[in-house]
Structures are given as structure tokens and as C-alpha cells.
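First the structure, in the form of C-alpha cells, and then the observations on it.
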Amino acid sequence: VVAVTPAAAETVLRLDEVAVGELDPGKATDYADSILMFNIYDTLVLAAQGGPGVVPHLAESWETDGKTYTFKLRSDVKFQSGNPLTAEDVVFSLDRMKALGQGLSYLFANVEKAEAVDPATVRFTLTSPYSPFLSALLRLPIVDKKLVSENLGAGDGDMKDWGQGYLSTHAAGSGAYKVVSHNPQEETVMARNADYFLGVPAKAPDTVRLRYGLEAATVRTLIAQGEHDITSQWLPPEVLKALAAGGAQLLVETGGSGFYIKMNTTRKPLDDLNCRLALTYAFDYAAGVKMVAITDEVSQGSPASGPLPAGMLGALPASEAYARDLDKAKEYLAQCKYKPEDFTLELSWVGEVPLEERYALLMQANFTELGIKSEVRKIPWALFSEQVTKPENTPNISQVFVNAVTGDPDTLIYGMYHSSAAGTWQSPEYLKDAKVDELLDRGRTETSDEQRAATYTEAGKRLKELAPTIFAYDQNAVFAASKRVSVPALTDRSKAFGLTGMAFTFRLMEMNE
Amino acid sequence: MSAPTLLIRDLKLGFRSYAGMLEVLHGISLHIAKGERVALVGESGSGKSVTARIVLGLIQSLRSARVSGLVEFEGRDLAKLSERERHALRGTRMSMIFQDPTSSLNPVYTIATQFHEVLLRGSPGISQAEARRRAVAALDDVAISEPERVLDSYPFQLSGGMNQRVMIAMALANEPSLLIADEPGTALDVTVQAQTLTLMRDLTERHHTAVLFISHNLGVVREFADRLYVIYKGRIVEQGPTAALFDDPRHPYTRALLQAVPRITGGGIPEIEDASEAYFAPLVVREGFGEPGRAG
Amino acid sequence: MLPVVRLLAKRLGTSLIVLIGVSMLIFAIARVIPGDPARIALGPNASAEQIAALRERLHLDQPIVVQYGHFLSDLARGDLGVSLYTNRPVMTDIAQFLPATLELVLVSGLMMVLIGLPLGILSARYRDSWIDNLIRLVTLLGVSAPAFVWAVILMLLFAYFLPLFPIAGRISDSFTIPPATGFLLVDTLIAGNVRAFGNAAWHIVLPAFALALSGIGQAARLVRSNMVETYEKPYIEMAQSYGFPGRRIARKYAFRPSMIPSLTIIGLDFAAMLGNAFLVEAVFAWPGLSRYGVAVILRKDLNAIIGTVLIISAMFLIVNVIVDLLIAFINPRIRYSQRAG
Amino acid sequence: MNRTLAILLRNPLSLLGLALVALVVLSAISADFITPFPEHAGAVVDFANFNKAPEWPYIMGTDLVGRDLFTRIVYAYRISLILGVVVLAIAVPIGVTIGLVAGYFGGWVEYVLMRVTDVFLSIPPLVLAMSMMGVLEPTLTNGMIAVTAMWWPWYTRLVYNLARSEKEEGYVLAAEVIGASKAHVMFREILPNCVPSILTKMTLDLGFVILIASSLSFLGLGVQPPTPDLGSMVADGAKYLPDSWWLTVFPGLAILVAVFGFNLVGDALREILGAEQ
Amino acid sequence: MREPSRVTRPLLSLRSVSKTFTTAGRMVRAVDDVSFDVAKGECLAIVGESGSGKSTVAHMILGIYPQSAGEILLDGSLLPARRALIHRRAIQLVQQNPLSSLNPKRSIGASLRLALDVHGIGERSARWDRVGQLLEEVGLPADFRSRAPSTLSGGQRQRVAIARALACQSELVVLDEPTSALDVLVQARVLKLLNELRAQRGLTYVFITHDLSVVRNVATRVAVFEKGRLVELSPTETVFTNPKHPYTRRLIGAVPVVTAQEAELRGRLMEKSNASA
């Protein structure tokens, strides 16, 4: 008797994200966008598994002198349209990214030009040496130039709209999955690309449904009823707890991001270092971490040692993590030039992230013990990102989750602390410190990993002295998943990618049915 | 002699309200012989309309009403009839015409539809075409010149006088033996009202219909009724044949009422009390006109 | 039937004026209040030049009156701009999401009529009896909680604790229905897939009922009170005097005239569902326009806000025109009146 | 007065309504004394007792930062009532005045005023409030402004219709013939006759304002934490269904009870004052 | 019956007055080229069937709406379309429906006092007493002042309406079917009162009615309207002995009568009309 192979039973992977996935790879920024991008498109390099760094992907090999990078491309890659992938497409993809100026295009701000040396060779020229460039390429998905050119929408200039209209609903990639349908309010349905140049393993899902905007309670029930496979990482810890208790597996992604409580250093009273230090010591780190604990082993947060999460290049050792110390806090407060009775802190939290409300309340309670009054303010994201553009409008305290978009420390803390980057949602501290600036700039140009690690460690220390931020915890993305699916990249440390989101490469997942 | 078409004896009516019991009728008696036209006259609120509605059995179903006394229709005690039997009488053996013809016809259906419905009461299962034929004939009877057009009209498209005629035609369509007319046409013009009365008089005479005619207008009553009852605050105070009563009113209230009507012959306005103890004087009965079943 | 045509023309004219007013109001609300749409559009990392360029492209640097002019001329071409939320033309979004909302609202409306009106009639016919009191109690409860509370309660009871109904979406994943009208209940039938139709119907029950509950309550209460009033009318007494059966009087003689005053308000209630759908769609992950509306409002996605509000109020106005026509249909006085309206 | 009492007594539903309203209002007023943890209405965290199912002394359980839900619900009533009263106190005079003017003056004044009213009416209330709240900062005050902005037109409409029919009444003609000013006719003659309807609508609306305000906070556009608010409690709690059901169910029932009470009283009032819709 | 003195100037004159209403494109000629004078102290009755334009004439006299053509003179001077206070004070109105002509939400006293306040009649402090006097003049106790209209019977209300017309101390009172809503007994009382007041105060009445038997007993002259036109204007005696216009005769023929003499009179007139036809 031959075992009945489920030839007809196609496997479906169902997962969800809170935000709507952006199909246009030139505009991708957040987690949902990344999931789409990593599966529909390919990049020249891939993040290494089990440690930092990158490995070849579309590019077989590369050479660099710090300012120019030359890549040799594989010749066996075809787009889903059937068009071959060539150096022209790489150039086009970079040009498009820069022309749109959206998403993560800032990562390529210092790329002067890209040129196709021959169909299989592409050369990038930077304006100045920029060592994180290779990891930035993780964010340069290669777009099918021919297909896009055939589908240009209305617009000015040669490239009209650069295919924005087309790419917001269609794919033009070479990735392992094709887009079947895309409804921004419902789901994006993807199916495996049989012609993928690396092949798609048989155990990988045939169809993937990435659902958007499901309520936590809905996801919880769908999983319990066996109608969903992987949750987003944004579920409240209680829900994850309930799911785990119900037999779901917990998938964890670490090392890419942190939860930061940011203090506006330009306004009374947090322009005073002592005041900031007082708050730094008043915050109850243990309670904060406990709040997001899910099981004894798994938590959405682990104690932070500094600005860089553990495991990232240049992260401070775990022993340097903060703990609450009320006496110290009182000491610092006594030295502060403002008296607690003279001010009221605005503790803001972003409306879209309900968890932050609890931290606001925790802080409020913690600070009250120092005699500091505060009021909690919920701000929708749109308003928040608007307010932080002016120091005087920026709340005293803001809470943000920041991740390293390329896995490189530069992309995590340059945008947060370099004085030239002040006034974005990442940098509501408005930190202006020459030493920090100098260290961050140096980190960009040094080429050896050891040197860079030392530089970032030093930057971390300096930042802790300046205390612009309460480093609440290193964020771990925790996903609850049904037993139907295995995600080695999220369960096996040695297979973990050094870039958040890349673990959701569907072709590396396994359906167990 | 056969039983009178309608016989009411010692009818009492009270309404329960939060202020206690409100006595409206204090035991009235009246009767109408077959083909007789009897009027019930009295001031506003004296209990004329409720009497009519009791006869039709409309008050009995109100939860707040308490009715006692005898109401006999063609010799049958209404109280002893089942709800079903009482129901069956309405619209077939007895029917009613209301004061304001336009608001008494349903505004959202054509006359034809409503007429059909009425005819169905008398002849269940009557077809639309047959109903229409009979309606046309009935409208002809009430001197409507374009019955077809009227049938296809809605009440608001017709004048008050036309609606009044339609109502009369409907009320007589099933040849009832009792027609109750509650202040018919007082909502209309003087001239139209006069025409209406003449018409009703002719038709009921022709069909030998007994009529209970309710009005507060003595002039109208004089022209229409054979006999009349005067009611004052829920009590019948005087009754008798129309001519006799108008010539020789005996009850103080009747006298006052008659006196108060301005005359087209002039003579000014007399000084009369609009309320007086004397009006509560006991019922004046004329010889030969007592209520059946009672001494007299 | 000429008066009806005239009535229709007049109502549509007024609606258009109102719609222009709505566009001005919503445009003003969206633009006058501080906040830079260009910055939000470009995301947190955009440079000042990029923002300035986009501002210029969106005419945001011009006086509001000029902006409004641009808006109107774009609107005339059916262009509502691009949503910052989905990065697609707002028109595309609306076209994709409106049917889901309409389907939900229409089914709710149907429930409101099929459940609410009979309850109201029953209540009026047996007024002050225990039936009446029971119906009044239940319908009042229905209107006493917002749709989202009902949505949550129904979901808790009938999807979580008693898993009788699905908790999210419009149809199960296993069905692939080629889109035709966007109304799944229709598309499934077009596709000839009865099981899919059943599945879609099964999905819509809870959200539609949650949305309909207050409408059912309102309709029943309204019909009751108007019918009670109608019962006092002389023509009811006349009908009674002809001995028409009580049921017939209720249904034919009292109900229909009493619908004339009721309909306007029932229409408003029905139209209000478009607004309340916001809450229910959020709870049931219903991919409709209202959920889109919430998302874009929270993101201050101006084009999408304006587009959504305009469409919703246009729907609202259309519903009201339809109601006016219905009233004209019921009320011959309007149908035949020389003076329309 | 007699009659009023009689009607109230006759109908057990009205009595129930009065009792519910009294319960809600009194508990809101005396929240400081009747709640076990008055400080939980503010910024308190007690992670030792968070997310607890109902058990003594937390009769309705605790929320995710360990605050007593019962306490917070009682305090939320306070906010809801204040909000309702303030909104109506602003919206009603505005709406009534515009309605009176439009109804009494007629002509182009009526046309302009009523079209403006239509504009506000044709945007469903929640949509209007939301779009305002979407661009305003979500604070209690702004919430009130938004709700007020959507509320007045309903009174305009109501009073406009009433005024138009009252205008035909003989007493208006009588006052005009005597030479009374327009203001007198509108506010002293017509308005008192609209009061019963307005009053009835107000009681009913007090319930609806609570609903709308909670709907707004359900969408995250309303009262700010830690101030307790029923709508946000339901919304936030809904994420934890079905495990932590008490987080949504009790605030939801609290809305139901309060609004139900006000609606019952509104109904009774309608009967007592003989006001039509 | 006093003959109107022709030497003195008429108190009120209508010269070729017309009124056309336009509703939705349809023109209704409600009053068509009507001219008549009303002498001081007389009671001019206006009769005619429903819709013949009686009320429209009254409304134009009162300035409730302007005439479309023609002019109206009071005491020889032209009345403007927009009446000033003095014009308002000079002419008063008693309406048909005593129920609606008093504001149900205001006390009898407040309704009466309005006239005094608007025209500044008497000392402010004495006005309340004056209201009492007015009530007594129409045969009601002064303490009715503080009563609500709903506590009065129809006849009493109509007396209040008359008192209000007297309050302005105007000479000309327009009565639009003042007794048609009343019972005969009450009607008799009110008519009696009106007659007495006219005699005592030298008032001038324009008395609108469709009841010819009332006309016979109160009017000095009769104006008969048919479809907006004045078809006959004669002293009362003449109308009832020798009506000229067939329409007048038809009206008289329709009057229901209660005595034999009346029937005889009516019969006589009808014969004439048949003969002339």
C-alpha cells in the first residue's frame, strides 16, 4: 500500500500583521512590508544566519574599496514575469528607490550612483565610505525593470510615476512567492513560485495568507480554533499567555530592536541631566519586563544594557543593565535645578500601541514616588510624528519601539542620537552631543567589525552618561503559532537571521501536515 | 309588533382614570324602531358619541371602560353575543357615518379599494370587478356624477361634500338595518351640509333604515329626525316627537337649548344660563312615548 | 407620475447642494486644523525638500480656497487623490471597500425592517398588554447600547463561548469567488456556488445583527408610537365600525399611514448604520469602507478621510432620497400633489 | 403632579428607569464614598493584582494594571454624565435657537439655515465627530466639542419642525396681531410649547451622548487615561476576550444600564408631557 | 338697528383690494377686487361659504399679510404693508378657535398682559391689576389671571380672547368666526357679551361668520362673499327680507331652523329665488 501523499491537499500558511502590508518594495518600512518584500523580491545579499553579517544571494560575490562596491550577479535568476534579472534591474531598483524618496530610501542617501558594468556586474559608488552599506542592501529589493516600464502610470518625467500605481497592487519580483491577490484591508494571498531560482522546498507552504488588522481577540480565537497559524508580535502578553497555555508554540525573534522611553532634552525639566538620571533610576525595570513576560522562559522583553540590544555589534554586556534605585534617584533629583513641585511631566504614549499605556501608568506611579507629578497623554501616531518635529511640541516623555532596519547598529542608533537626525519619531530627545556625533560618524566609516564594535560600545557608554533615554528593555518579538508550522529561524538560534522580519522567509518554513 | 331595531336600557358608562372613575353615562335609555329616524341632541361632551360607539361595540373592548345596562339590537342582547357575533354585525347590519368625511376615509387607499373592503363585509369573496360595479351603482345613488373617477381617487382629491357622499354610499352599501350618523357634515359648509341631510333622508327612507342621528345642532335635527332625545351630561332629559318637542319643550334644559339658537327672523340674543341646576331636572316623558318595557 | 419626477429632481438638487456643503465642511476640517499631510505621507524619514516638493504637488502651499478648487476639479474627474494608508487612489479603495459595507448595512437594514416593523405592529396592536411591554422592554434594551457593545457581547456569546458563528471576515478562506459586484452574497450566487453563499451568509449574520439591533429597536418603537397615534385617527374608528378584523386593521389601515411619518426616521436610522458600521467592522474584521474610514482617520490620511466622508454622506443622502420616494409611493398626497414637497 | 405620579406608578418600566437613573447619578456623585478603591480612578498600578477575575474585594475584577474595575466604572459614570450634561448644555441652546429662527422666519433664512443643518446631518454623527477628532488632539474638551458639533443639528431639526407647526397656531397669530416682537414670539410664545419635546429628547439624548462618547473612545478618540471611560474600557478590554471577559462585559453592561435608565425616563417623560416625536 | 351714519368718515375702507396666493406655481385668487367701508360703531358681518375669502380679508385688514392690490385705509389714512405698533394697536382680532388662540403654556394673565406691555399701556406696576379688570369686564373673575388656558371652558377662553382684544383699547375689532366652535348655550352668552361691549364702548366690529342666523342678530350690515368676490352688501334687514343675489338666497336657504316662523321666512325667500331662477 502506497502512503497517500497529500498531492491535492495544498498547504496553507495563515499569519497576520497589524499594519497593512505595503506591496511596493520601494516604500517598504515596517514588519508587514518586510515580510512581503523578503518573499516576493530578492536582494543582492541575505542576512547571515546565526550571527551578524551578510551572505551572497543574487550577488555571487563582491569587491569593495570602501567607496565603491562591485557585485557579480548570478545569471540563472528570472523574474516571476519570465524576464531575466540583470544588472540593469539592480540599477533601476536603486534609482527608483531614490526617486521615490520614501520608505527606507534614506539608507542609500550616500550612494552617488549605480551602474551596470555588464549584464552580470553592477557597481555602486558612494559619496563617502559607509561600512553599513552591505547590510543596507538587504533593503534594496530588485524590481523587474521591463515589467514596471510596461506599466507606468501618469506622472511627470521619463519614468512617469515609476510604476507606483502598478506596484501598489502587483508584484514585479523574482521571489519565492507570487502575489495572488492583495486587499489592503483584508489580506495578501501569495502562492509559491515554482520557478524560483533556488527552488522552494516541498515542505514550504503552497499558499500564504497574510491577514491584516485582526483584533487580538480574533487572532486568539482563530488560533484556538485551528484557523490561523502565526500571530503578529503585537499581541498583548496576556493573549500570548492564553495561547501558550492553550498549546500554541511560541516563536521568538531577538536582538534587533529595543523599547525606548525618550526624554525631551530641550525642555524643562528634562534639559537637566540630573533630572533625567533621577527618572532613569526611578523607573521600575523589573516591573516593566515582568509586564511583558509570557512564560517562565519567554518574554517580550529582556533587561537592556544600553542603547543596543544584546547580540548586536557593540552591545554592552548584560551585567550593565539598569535596575531601579530610588535612593539614587532621589539624590539626583535633589541636584536637579528644578523642584518636583514646579513641573508636571507629560507622559505620552502612542495610541496604536496599547501596551505603552501601561508603561505610561507604570512611570506615573514610579515618578509619583519621587514626588514628581505627571499626566498621561495618548497620541495617535500621525500626531506624534508631527509633534516631534518641533522640540517645543515634543512631549517630555515619549515611548517608541525602534528596530535596526538592516540589522546594523548604525541603522538603529544613528537616527536616534546623531544631532543631525534630531526631530524625528526616533529622536524626540533632541540630543546634541559632539562626542556622540563623533562616535556615530566613526562607526560608519570604520571597516573592521572589531573597531566598529569598540566604537559602538563607547557610544553606548557615553549615551548612558547623558541619559537621554530610559532603556526600558530589549525587545523580543514573540509570535504564537500553531503546531502546523515550523519556523526554524525562530526556534533555532543557529538559524536565526541577524535582521528582523527575515525569519518570515516562507520558503524556509515547514508545514507539518 | 317586532322588536325595535335598537333598544338601550339603563346604559351606564364609566372610564377608569388616574383620578378615579369618570362617569360618562348615568343610565340612559332609548330605542329606535325599524325605519325610524331618531336624533340624540346635547352639548359637547354630553355622551352622544360614546353611546353610538357602545352600540357598535367599540367601547366594550377598551380596558379603561366599564359598561353596564342593556343594549339590544333587533331583539338580541349584544352583551350575550360572542365577540365574533358582535363583530359580524358591524358593517353589515349596522354601520356608521362620521362627522368629518375627509379624515374618516383612509388617506392612503383609493375609494375603490376602501369600497371593496366594505362590500366584502356584506358579501364575502366578492370580486374586484363585481365590487366595482356595485360601488358605481351606490355612488350613482348618492348623486355622484362621475363614479368611475371618484372610485379611482384618493380622499384628499375629492371635496368634503364628495367624501361625505362616498361615506353615505359605503354606509348603506350593505343595506344595514341601523345607521348611526355622528354629526354628519358639521365639518362641512352650510350649503353642503344641507344637501347631505336631504340625501340621507331620501336614502334611508328608501331603504327603511333605522337611523340614530347625533348632533348638537337643533336646526339640523328638526329637519331630519322623527323623534329626538335630549341628553345633558350623560342623562336623557327629554324625549319625544320632533315637532312636539320643538313646539313645546318641557325640560328646562331643552327650553334653554331651543331659546339659545339665534333665529333668522331676528329677535336678538336672549339671556340664558349656560349651566344651571335646573338642567338636572328629571326626565320628561311624553304620553305614548315612553321607552318600551317601561311603564308609560 | 410627473410630480414624483419633480420631487425626485428637487430632492436630488437639494442633496447636491448639501453634498457640496459637506465637501466644504470636511475639506475645511481636514485642512484648517494643523498637521502636515505631506510629512505624514512621506513617512518619518523624509527630508525637508521632499516634504516641500510634495506639499507643492498637493497644492498645500496655496490658499485653502485654491486648494478647494483643485479638489473640486479633481473630483469632477473622479479623482480623490491617493490614500497615504494604502498608497492607492482613494477611488480604488472606495470601490473595493464600499460593497462590503453596503452589503453589511443592507443586510442590517433588512433585519431592521423584517424584525423591527413586525415587532412595532405587534406592540401597537396589543398596546399596554404584556406583549407590548415585553417588546418595549426588549427594543429599548436594543437601543440602549452602542453597536460595538452588542458586537462584543454577541461575539462573546455566539462566537467564543458557543462557537456557532465565525468571528471574522466575510467568507472562509477555502472559497475563491471571482469578484463581480463586490457583494459576496451576490457574487457567490453568480458563481453558482451555493455553499459559498451559505458561508458568506453565515459570516454576515452576527455583524449585521449587532449593527441592526439598535435600528430594530428604533424601528419598532417608532412604528409603535406612530401606529398608536394612527389608531386615534377617525379612519381607524371607521374601519372598526365596519367590523374589519383587528389584524387587517393593524396591517392595512393603521400600519401603512403610520409609515409615512415613521419612514423618514427609519431612513435616517438606516443611514446612520453607515456611520455605526465603523464600530462593528472593527470588531468583526469586516473589510469595509467604515473600517477603512477609522484607519485613515487615525492616520490623518486627508484624501482618504475626505473621500470616505463624502461617499458616506452621499450614501446617506441617497438613502434619504429613496426614503422620500418611498414615502411618495405610500402617500398618494405627495404622489399626486401639485406642489411637490 | 398627581397625573405624573399616576403615570409613573402605572408603568413599572418608568419606575425601573427612575431607579436606574437615580442609581447611576447617585453613585457617580458619591463615588468617593461607595467605591472600595477611590484612588484607582487615577494613575495607580498594582501589578500584584492585575487582570484578576471578579473576586472579593474586586467584585468586577481588576484591569491590566491592577485597578479595581468596579471603582473605575463608577467614576466613569461621573465623566459620562458630565460630558452628557455639558454637551447638551451647549448643543441644545444653539440647535434650538437656529431651529426657532429657521422655522419662524421661513423664506431664505430657513433655506440657508436648514441646508447648513442638512450638511451636518448628512454626515453620520460618528463620522463627523471622528473626522473632527482625527484632526484634533484627543482630549476630553475636544471630544465635547466634536460631539457638540454633531449634536446641535438634531435639535435644530426637531425645533424647526415644531416651530413650523406651532407658527400656525392661533396664539402666535394673536401675539403678532398685538404687535409682539419676533424675539418674543419665538422665545416666549413658541419655545415654551416646544419644551416638552426638547426635554424628552434631552433625556433620551443623555443616553445617546454617552453612547457616542463611548463610541469615540472605543476608537481611541476621547477621554485620556488614566481617567476612566466606559467606551475605552470596552474597546481596550475587547482585545483580551474571551479570557479576560470582565474587562469588556462589565463596562459594556454599565453603558447599557445607564442608557437604558435614561431612555426609560425619556419614554415616561414623553408620556407625561404628551410630547410627540 | 342703528343705521350707519353716512356723514362721518368711515373708520375702515377697503378700496379694490385683491389678494392672490401663489403656491407652487398655482395662483389662487382668494380675494378679488373688494371695496367696502366700515363706519364707526357698526357691526359689519362678512358671510360666505368656506374658502370664499372671508378670513383673507380679515388678515389683510390686520396686516398679517399685505394685499396684492388695492388699498386699506384706517380713519382716512393709508395702512402700510408693514404695520407699525400704532396700527397694530388700532385693530384687534378675535379668532375662531378659542383653544388655540391662547398659548397653552402661558397663564391667562401673561397672555393678556402682553398687549399692555407691548404698547406700554398703563404703569408697569398697575398692569397686573388692569389684567384683572379686563377679565372682570368680560364677566370673568379677576383671579383667572393665574390660570392656565386648559383649565377654562371654551366659552371662558373666548371671553379671555375678547378681553385681550379690548386690552389695546382699539376701536376696531375683527372677529373671525368667534363662536362657531362653541355650543349654542355658550354661543348665546358670548354673542350677548359682544353686543354689550360694542354698545358700551362704541366699538366697531367686522364680524366674520358663515352662520346667517347669528348675523341676523348681531350685524348692522352684511357683506356676502362668493369665491373671493363681494356679491352683496346691504343692511341686515334688507338681506333677510329682500336678498338680491341668488347666492345670498342660497345661503339663507341652507340655514337649519328651529321654529316655524323661521321655516316660513326661509321658504318665502327660497320661493323668490326659484321664481327668479
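We call the chains A, B, C, D and E, going by the order they appear; numbering starts again at 1 in every chain.
What we mean here is this: a residue touches a chain if its C-beta (ideal position, glycine included) is under 8 Å from a C-beta of that chain, and two chains touch if they have at least 3 such contacts.
Not measured: the values here are computed from a predicted model.
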{"item": "Chain whose Cα centroid lies at the greatest distance from that of chain C", "value": "E"}
{"item": "Per Cα centroids, the chain farthest from chain B", "value": "A"}
{"item": "Best-connected chain pair, where connection means C-beta pairs in contact", "value": "C-D"}
{"item": "Chain A and chain E: spacing of chain centres that average the CA atoms, whole Å", "value": "89"}
{"item": "For chain C paired with chain D, centre-to-centre distance based on mean C-alpha positions, whole Å", "value": "22"}
{"item": "Centre distance in Å when chain C and chain E are each reduced to the mean of their C-alpha atoms", "value": "54"}
{"item": "Between chain A and chain C, centroid-to-centroid distance (C-alpha), Å", "value": "39"}
{"item": "For chain A, residues that touch 2 or more chains besides their own", "value": "215, 217, 221, 351, 380, 383"}
{"item": "Residues within chain B bordering two or more other chains", "value": "none"}
{"item": "Per-residue multi-chain contacts in chain D, two or more chains", "value": "134, 220, 238, 241-242"}
{"item": "Partner chain A, residues of chain C touching it in the complex", "value": "34-36, 39-40, 42-47, 50, 85-89, 93, 96-97, 155, 159-160, 163, 167-169, 173, 282-283, 285, 287-288, 291-292, 295, 298-300"}
{"item": "Contact footprint of chain A on chain D as seen in their complex", "value": "43-45, 47, 51, 64-65, 134, 137-138, 220, 224-226, 236, 238-244"}
{"item": "Residue ranges of chain A touching chain C (in the complex, touch as defined)", "value": "12, 14, 20, 22, 24, 27, 29, 101-106, 164-165, 168-169, 183-186, 209, 213-215, 217-218, 221-222, 225, 227, 351-352, 380-383, 385-386, 389, 415, 424-426"}
{"item": "Residues of chain D that touch chain C when the two form their complex", "value": "13, 115-116, 118-120, 122-128, 130-136, 207, 211-212, 214-215, 218-220, 231, 234-235, 238, 241-242, 245, 248-249, 252, 255-256, 259-260, 263-264, 267, 276-277"}
{"item": "Chain C partner contacts - residues on chain B that touch it in the complex", "value": "53, 56, 58, 63, 87-92, 95-96, 98-100, 103-110, 117-118, 121, 154, 156-157, 167, 170, 180"}
